[in-house]
Structure formats: C-alpha cells, structure tokens
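The same chain A turns up in both complexes below, where it pairs with chain B and then with chain C.
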Partner chain A sequence: MFPELNDLLNASPDRAEPGKLTLLCDAETDGSFLVHHFLSFYLKADCKVCFVALVQSFSHYNIVGQKLGVSLTTARERGQLVFLEGLRSAVDVFFRAEGEAHPLHFLREAKAASLQPLYEFVREALEPVDQREAAWKRPVLLVDDLSVLLSLGVGAVAVLDFVHYCRACVCCRLQGNIVALVHDSGDAEDEESDVLLNGLSHQSHLVLRAEGLATGFCRDVHGQLRVLWRTPSPPAQRGRSLTFQYKIQDKSVSFFAKGMSPAVL
Partner chain B sequence: MAAEGTSGPGAWSPGSVAAAASKHNVTSFQRRGPRASGTESGGCRLVSIAGTRPSVRNGQLLVSTGLPALDQLLGGGLAVGTVLLIEEDKYNTYSPLLFKYFLAEGIVAGHTSLVASAKEDPADILQGLPAPLLDDNCKKELREDVHNDETSEFNSKMKIAWRYQLLPKMEQAGPVSSSKFGHYYDASKKIPRELIEASKWHGFFLPEKISSTLNEEPCSLTPGYIKLLQFIQKIIYEEGFDGSNPQKKQKNILRIAIQSLGSPLWGDDVCCTKNCDNSHSLTKFLFVLRGLLRTSLSACLITVPTHLIQNKAIIARITNLSDTVIHLESFIGSNRETNPLYKDYHGLIHIRQIPRLNNLMYDVSDVKDLAFKLKRKLFIIE
Partner chain C sequence: MGAPPLPLEAGQPAVTSSEGVGEATGRSREMLESLLGPGGLVLLRDSVEWEGRSLLKALVRQAALRGERVHVLGCEVSEEEFREGFDPGTYSRLVYHDLFRDPLNWSNTGEALPGGPLGVLRAMCRRTGPGPVTIALDSLSWLLLHLPCTTLCQTLHALSRQDSRPDDSSPVEHVRVLGLLHEELHGPGPVEALSTLAQVEVTLSGTGDQASAHILYRRPQHRPTHKIQWFTILPDFSLNLQGGSPPKSQPHPDPRTHPQALLCRGLGQATSHIFYEPDAYDDLDQEDPDDDLDI
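This part shows the complex of A and B:
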C-alpha cells in the first residue's frame, strides 16, 4: 500500500467504497506496482480477497507484500485470501489426469470458449458461507492480469463476459470491489487486446493508467500515472483526469506533479 | 565494460538505488569479499550449487549466461526459474553464439543441460560449443579433475593464497567444474570432448520425437510443443529438479536451451501467415513452460526469430510472457554497416525487458541499448 497513492485517490483502508470496478492499465511500462498496492490495500482493509494471479508465483507476491507490510501466507491461512496461482495450476492442468474440474481447465481445450469454471471459482471463493466469514468486510476480486487470458487462447469477448459476470456477482450482489490489470498493446496492432481494453474502460468506475515516458527511459522518473474517475460520485471529481509522474522505490512509490521530480528541482 | 563483468557480485551492492552510486562502492574490499568465499557466502543459506550465486537484490539464485558482460547488464545473471528470451538477429549469425555460451557455461559449471532444437541434432550443437578460457591454474585443475577428483582437491588447496585457507571450505567442488561464476570463452576453439562426455545432458531433436505417434488428443498446442513440454516435465520430475527428492545429495541446476522456437520447423505457422489458426500455441507453450520453471531449479534460454513472426501482436504477447527479453540487431545488410559511428561493431543489443522478481522495481542499468562486436575469440558487449 502506497500512502501517496491513497492520498491521490482520496481513499483509505477504513473507508473503501463498495461496488466499484477499478481498471489498471499499463502501456510500455510495467504496472504491476499498482497490483501490489491494491493487494496490500484490501488485505489491510480486512476484505476477503480472491486473487487470480496469472503472471508471477506466490512467493513473489508474498515477498513484495511483506515489503508493503502484509503477509500473504498468514492471510491465506486465516482464510482471508484465496490465491489462484496461474503458473502452478497451468502445469497441473496440463500434466495431470483429465476429468477433474479446474478453474483453468480451458488450457487443455482445443477451442477455449468460456471462462465459466474460473467464474465459478471466484464466486465460490467470495460467497459468504458462515458466520466466521462475515468477519471480513467485503469481497474483492483482483486479477493480474487479464491480458494473459488472451495469450492463452481465450477470446476478448469471453474475457469481457467473465468480467461482466464477476461484476454482477461481486460488485452488485455482494457489494464488493474488482480490480483488474490489462496491458495496452499500443502500436502492436493487437485487435483483441484493444477490444478488451475499450470494453473494460467502458465498464469501469476508475481507470489508473501507467505509461512509460514518451521521452524514453529515465532513472529518476519511471513513468506517469493517469487517473480517470468515471463514477457518479463524488460529483466534484466526475470525469476528471489527473496526471502524475512516479518513481518506484524499494518499498514505496513516490508521486509528483509533471516535471516536478525532486531530481530536477 | 567487458572487463568489469568479472567483478562479481560486488558491483551490485545492496541498498544503493542508483547503479552509478554502486559503482563507486566497488572498492577492493567489496569486490574481494564475495569472491573469496565464492558462491558459498549466501549460497549456504539457500542451496549451495556450483556455478550459481544469490542475487544481492532479491535473494534469487542466479546463474551466468556464459557472458559476464551480459550478466552484468541483466543485474548479475539469469535468475533460476526464469526465461531469457533472445530475439534473433536477421541472419541468425550472432544469436547462436549466445545460445552456445549459455550451454558451454552450464557444462563448465557442471550443470545438467537440456538442448531442444528442430534444426540441428543436439549432439552436434554440443560438439560445436566454444572452449572455455580458463587461467592456467584452472586449466590444469580441470584436466586432472576429469581423471581424478582427489588430486584436484589437493591442487586447488595449493593454489589458494595462504590467508584464505583459514576460511572454512563450505562447498565441495563438482566433479568436472570450476565453480566460479561466469567464464570467458574462445569462440574459435571447440570445447574439449572429455568435458562434454563428463557432463550430463539431454537432447530433444524434434524430427526424432515427432515421427512416432500421429494421433494425439486434441489440444490447442502444436504437437511439437506438447512433446517438448512433456519431455522437459519428465526430466524435471525424474531427476529431482523440482525438489521432490530432498534426500538427493547434490542439488543441481537444469539449463534448458531451446533453439529457434516458433520457426516453421517446429510446426508452428506464426511465421507464415498473419492470421493463423493456432496463434496461441506459442504463448500457451511459454506460459506452461514458465510454470514448470518456477517450480523447479532450472533456467531457460530461448531464441525466437521474431523478425519472421508476421503478427506484431504475438511478439508483444511473447514479450509479456517471458521474464528477460533481449534483442539482437546485426548490422549485416543494413545501412548502419557503413555508418562510421558503428564501424568497430557488428551489431546492437537491446534490452527489452528485465524482470521484477520479489521486488517492486528492477535492476536499473543506465543504458538499454548497447553495441556488440565479435572478435576472433571473444564476444564483447559495450
């Protein structure tokens, strides 16, 4: 959790707004620091988190989480975190016997059609079952990242359907939040990726877009972050967009206005 | 810069953020510290394996790419469990060299190798590896090593300066190798035959594997990729690289090298048409491969002829699915060949992607684009 980003977004773990879809998007840079932010943010906010991690291994998220002050291992033991490790499951799905239903079963299929098993997994993970579960404030779905699904042969429409189902279930019915990361392929002429990105931008309430600097690589400024509020509330911020530059440090990220990097002042 | 590549872990001192700052810290003390105790200093905390060292940045075990200058660019080396993707240069002149350096380094360090190719027989590839340039002491040690383990131990004891003898010896030298991290190679000579014979390697030659069975279960992957994945998985599982046999005495690293993945010879049509049916084969393969690597003690180098791939979207996806990506661009046939600025060099090396492992940020090196030249013997990056 980066306190500076919380200030910018006017959010804090004590009062996280329910029913929101936050879209994280990165173009020509790596936006994974945003994923780490939201993971630690919601774990600190005592939310029940379902994390679909397709990019890195559990230990990676765990070690970075510890730097940000949360332990994924304990969260998982307490039942607060449901972690789907994509890389490990891919190997399981691919080499183990057939027949068992697995959230990532589409990996085996010649024509990957639907993400229904994955949706079922998310729904079961976040559905409150007993009194003990009620200890967690609200359910949160975190996906890192949706673009990987495209690479695994799922169509853009299927991914949009998946997000829509999740939104209906998590955001509306359970009053929770969804945070998802997608890559902006930029000039790579990736039609599917463009369809996905546009579709998601249309659905989401808040878009955080991390971009590499147009002028190229720089040691003191790692990129810029655009914040776009699309929510009805708060009214003052509707449709407002802000741009900041950021520098990633060992345990946090510092944000500053454009051109106001401490290194150049 | 190439010379600095040997300076070892000291060049990346912990805590310092800027690479420039750390360069000032490379005093004689810092440099000698990790070197004198070799790989063992932190290795004993993790797993002590010859030819590896822990990263000072993220605690990951690193292996050398066989090119100390490239190791330095990549933040010390290639992390175990990750994929290094090399985008081949246009005429495929220089990428096979990096491929061979990677394998040669594995053989010198005593790692197990897995060579996969659809073009050349793996045995032939191994025969053509460059010879390591060891200093005389090492060479003598190496020669005797092959025949007799006992004498080599004695020999290496003689070699060490007297004050280092006081240091506890933590690691047993592997049967063949010098456990040093990263070596230089002489591209004009072939690797000694006995070294190859002493090393452990597995070859995957696609034409041999694919002919046997034709009816596969319907899957979205091309048969060649399925075979290769099954082959890798079998070796990882059988030889305990996944850590499943903790009683195994000596842990080792598996080096996987895959040549020209995605080329038409692999039965993939990404190079032929823009909108092919199984355009997800390659990306799926990479995803499952990365899953295999993350759960085992192995490092992988893949060369991909990206200039042949018609669909730019696939290249972007491949990049996103691998950990480290470097691109080779040779000057052959381009107008840069005659550019006086580049007259001493043979090509450019672009670092496209550096992984973030256990860390928010990655190892920042100052420059992303460097030039390389191939001398008669050495491959130099600067």
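This part shows the complex of A and C:
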C-alpha cells in the first residue's frame, strides 16, 4: 500500500471503516495502481479478501504485491485470499458441462442477462463458514475491473445489480468493504459506460478518480487524483472533494498539490 | 426582505438582524411545507456531486411531524441506513418496504416482496386506510432502470392521483409522492416524461460547499413559478435556509492536509443564477393571462 495515499484518505489498516463502497475510476490514464494499493492495504489489515481479477493474471498482481510488501501466494494458501483469475476461468467455462455453476457463466449466454452466478461466488467466498473464519477481520471484495464486463456483453444495469447485491451482502450484512475499478471512456456516445459509472458513483461512499493531465504526458507528474467523499451521515449536500497530483515510482506513489511537484520546485 | 444581512464568516448561515431562530425555523418549515404541497408528485433531481437523499429524508421527517403515515419504497440503501438519524417519532411513523435486500429474488428464500418492484408499487396504489399519506420512492432511478418508462409513468400517475378516483365516494385524502431521480442515469426522454407528471420539481445544485434547490412549482391554471433556495441539512434532517447566494468561502486549514504540500480544493461547479427581488411597484400576477381570453 502507499502510505501517502493512506494519509490523504486518513485511513490505516488497523482502522478501516466498515460497510463502505469505494469506487476507483480512471479517465485517460491507468488507475490500476489504486487497485494494487487497496489489495495490499486490506491484506495487511488481516481482512478476508475476495479478488475478482478480470484484467491481469495472478502472477502480475503477485509481482506488484511483493513490491508493496504482501505475498498473494501466501495469502491464498492460508485462506485469506480468494482469487478469481478471470483470464484463466474464462477458458474453463467452456469445458464445463451444461448446468454446472460457474461464476463467469454469462460468457456462455448469447445475451448475458444476469451476474447472479458471480454474486453467488463472491457470497460463498466471503460468508464465514466456521470458527476458523474468525481469524480474519471483515470481508472485502475487490474487482478489477467492472468495465470489462461491459466489453464482454453484460449490460450496465446487470453490472449495477451485481454490485447492488454485493453491497447488500458484503457491506450491509457482513459489515465488509467493496473496492471496484471502472473506466471512464470519455466517449459521450458510450451510454452504457456512462450509466455504469454514474450508477456506481451514486452507490459509493468514496470516489477516487485518476485522470491524465490535460496537457498530456509529463515525466514528473503522471496524473491527478480527485477524491470525493460522499458520506451519507452526517447528511451533507456535497461530500468533501480534494484534488492532488501524483507520480508513480517503482515501489511507491507520491502525492502533492497541483503545481507543487518536487521536480519543479 | 428586511434589513440587509450581517457580514458573514465562512460557514455561517445568513440571518438578518431582525430574524431570530424561531423565524428561521419557521421559514425552513415553510419551504418544506411548500414542497410537500397539496399532493401529487414531487420530483427531486440530484447528481453525484449534489446528493438528494438528505433532502428526501428531510421531507419524510416533515411529513411524519405532521402526523402523516410515510411509506418508503427503499431500493438503494438498507432500511438501517435510511432510518439512521431520524427522531423516534419519525422512526415510528415510517413504513419501509425493503426492495434493497433482494429486489430480484436471487436468494430464492421467499423473503423477497411479492410481485417485485412493480407489484410493490401497484400495491401502494390500493389505499389501505384513511388519512393523508406520503410515499417516498428511493429511488425513481432504480425503478426506471428496471421497469419500462411507460409502465412506471402510468403507475406513478395512478399513485399520485388516488384522491380523484370517480368511483370513490369517501372524502378526498391527499397522497403525496416524493421521487428521488439521479439525473445522469437517464436520457432526456424519460426525465421529461417524469417531469411532466410532477407538481413540484426540485433540482439540486450548488457552489463550493453550499447546496441550492432550484424549485419549480406547477399549479393548475397558473403559470409555473420558479424559486432558488440555498440551504443546509442538519444532522437531525431539519433544514437551515440561507438568506441568499452564499458568501465566498474562505480558505481554512484542512486537518487532513498533507504535511508537505498545500492542497487545492476540488473544482467547484460553475453555475450562474439570476436572483430577482421584487419591489413594491412590481405587479406579479400569478394567474395565467390566457385565462382572460374568451376562446
């Protein structure tokens, strides 16, 4: 995890707020560094993590995780991490008998209508089964990323329903957290993407939006991060919003105010 | 208005020198009462930046304080989250129809509400008792994403006009429907269709950290009237009105400030407003001038 991002969010592994949906969004840049941050954050917080990884392989996340001080292999072996490797599972689904449950069953359907099997996978992964589960703190669902589901033919409403059910189960019933990444395509004609992004934003308590710089590529400033707190209680018409710029390094990310990059000071 | 407002510090509400706490509370109650109105559909249009659930809860609280039964069709948040912050009186008058836990019957345990979302909505059309009633739909956006627009509009029309059924000889009781709509999720067609059904339309916006409500009243045989109100919602879901456009917000130390950097505030929305204060010589006739034509 990135300590500077923890400072900005006023969060730490030993006091993660329960029952929250955090939405990660990227526009014209790669926001996957945020996924790596939260993955290592919750593993270090001794949470039971279900990671629906649809974009990269297990070894990719493991290599980055090791730079951030966590071993996904160890976490998986001791039962702390349930990892759905989408790239590998997507092939498995075609070799299963008809009727056998599979979380990515929608790939077999001509018109993917429901992500209920994927929700059942998440629910079974995170629901405590017996007393051994008491070793872990609250459950966490991490998804990288939800926009891939749109590309695979799932409708935006079906994805919103999936997140809705996960929220009801993981956040409300199990008092866990959800972190999900979604892309902002920036295409005004991509209505499904807009509905998904805005629908998820309305369901979220915290929105982290990574954007590329309007001026293009810069060696010392890789993008800017906008943080929007949408806490429902105490009631506020508008959550607090702050904007930072950042630079991604090999094992960390540094954050600074706009125009205050150490390279230009 | 009375005396000009006193100089303000950041975050303080605008209160004139002649206005006490009681009058401010009265104006807040007046605003909520004007939104609740005589009946029909009140459309609350919010966005990601300016959420509307707090105002919906403030209206629910006001209706409960009037002694009304309040039915909430909860699709987006849990019952615990929706009830959070209400006083015991409001809490007890609130009936929560839970469409959040299992709206699509995925659990198959038989606990889901019968008939799904449309069934629950139609059941509300059948009046079960006398007395005024307020129905809060949280949210219309969720219903619009899961039901055909025409079906939803027809059901809303039936829901908000229960007091005018021709075969009902019982005394007319007011039914008020509060609908929360997330504007960005829908195209102009469905939004306009819902807008035409509404007697009152509130669009939430703001500048900096200050929220505003752009209120459009549609009264039969009257010209629509428009009003802008700046407000804050308190933790108990009562309203605190601001006297006019907010003062320029002063920069203040942020306790979460990164120790090594000055932080920029988030980009605020650029909105422009026209504030019109009628004086004694203005003749504002709310009646529709076309009524004078004998056509």
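Basically, the second predicted complex is superposed on the first by the 252 of 265 C-alpha atoms of A that agree within 3 Å, B and C clash if a C-alpha of one lies under 4 Å from a C-alpha of the other, contacts with A are read in each partner's own complex, and residues count from 1 in each chain.
Just so we're on the same page, contacts are C-beta pairs under 8 Å (C-beta built on N, C-alpha and C of every residue); 3 or more make two chains touch, one makes a residue touch a chain.
Keep in mind that this is a model prediction, so the values were computed, not measured.
Undergrad: Under the stated touch criterion, which partner chain does A:Arg78 make contact with: chain B (first), chain C (second), both, or neither?
TA: A:Arg78 contacts neither chain B nor chain C.
Undergrad: For A:Leu107, is the partner it touches chain B (first), chain C (second), both, or none of the two (neither)?
TA: Only chain B is touched by A:Leu107; chain C is not.
Undergrad: Is A:Gly153 in contact with chain B, with chain C, with both, or with neither (first, second, both, neither)?
TA: So A:Gly153 only meets chain B here.
Undergrad: Between chain B and chain C, whom does A:Lys67 touch in the aligned arrangement: first, second, both, or neither?
TA: first
Undergrad: Quick one: classify A:Phe95 as touching chain B (first), chain C (second), both or neither.
TA: First partner only, chain B.
Undergrad: With the two complexes superposed on chain A, say which partner A:Lys251 touches: chain B (first), chain C (second), both, or neither.
TA: first
Undergrad: So, A:Ser185: does it touch chain B (first), chain C (second), both, or neither?
TA: So A:Ser185 only meets chain B here.
Undergrad: Where on chain A do the contacts from chain B and from chain C line up?
TA: On chain A, the overlap between the chain B and chain C contacts is residues 191.
Undergrad: Using the touch rule from the top, collect the residues of chain B that touch chain A in their complex.
TA: Result: residues 17-18, 58-59, 81, 218-220, 229-230, 233, 280, 283-284, 287-288, 290-292, 294-295, 311-313, 315-317, 320-321, 356-362, 364, 366, 368 of chain B touch chain A.
Undergrad: Taking the touch rule as given, give the residues of chain A at its contact with chain B in the complex, in rising order.
TA: Residues 30, 32-33, 36, 57, 59-60, 63-64, 67, 86-91, 94-95, 107-112, 147-148, 150-153, 183, 185-193, 217, 219, 222, 248-251, 253.
Undergrad: For the complex, give me every residue of chain C touching chain A.
TA: Interface residues on chain C, with respect to chain A: 48-51, 53-55, 57, 76-78, 80-81, 84-85, 100-104, 106, 141, 145-146, 182, 184-185, 187, 204, 206, 209-211, 231-235, 237, 254, 256, 258-267.
Undergrad: Quick check on the complex: what are the chain A residues that touch chain C?
TA: Spelled out, the residues of chain A in touch with chain C are 4, 7-8, 10, 114, 116, 119-120, 157, 160-161, 164-165, 168, 172, 191, 194-195, 198-199, 201-203, 207, 226-228, 230, 232-244, 255-258, 260.
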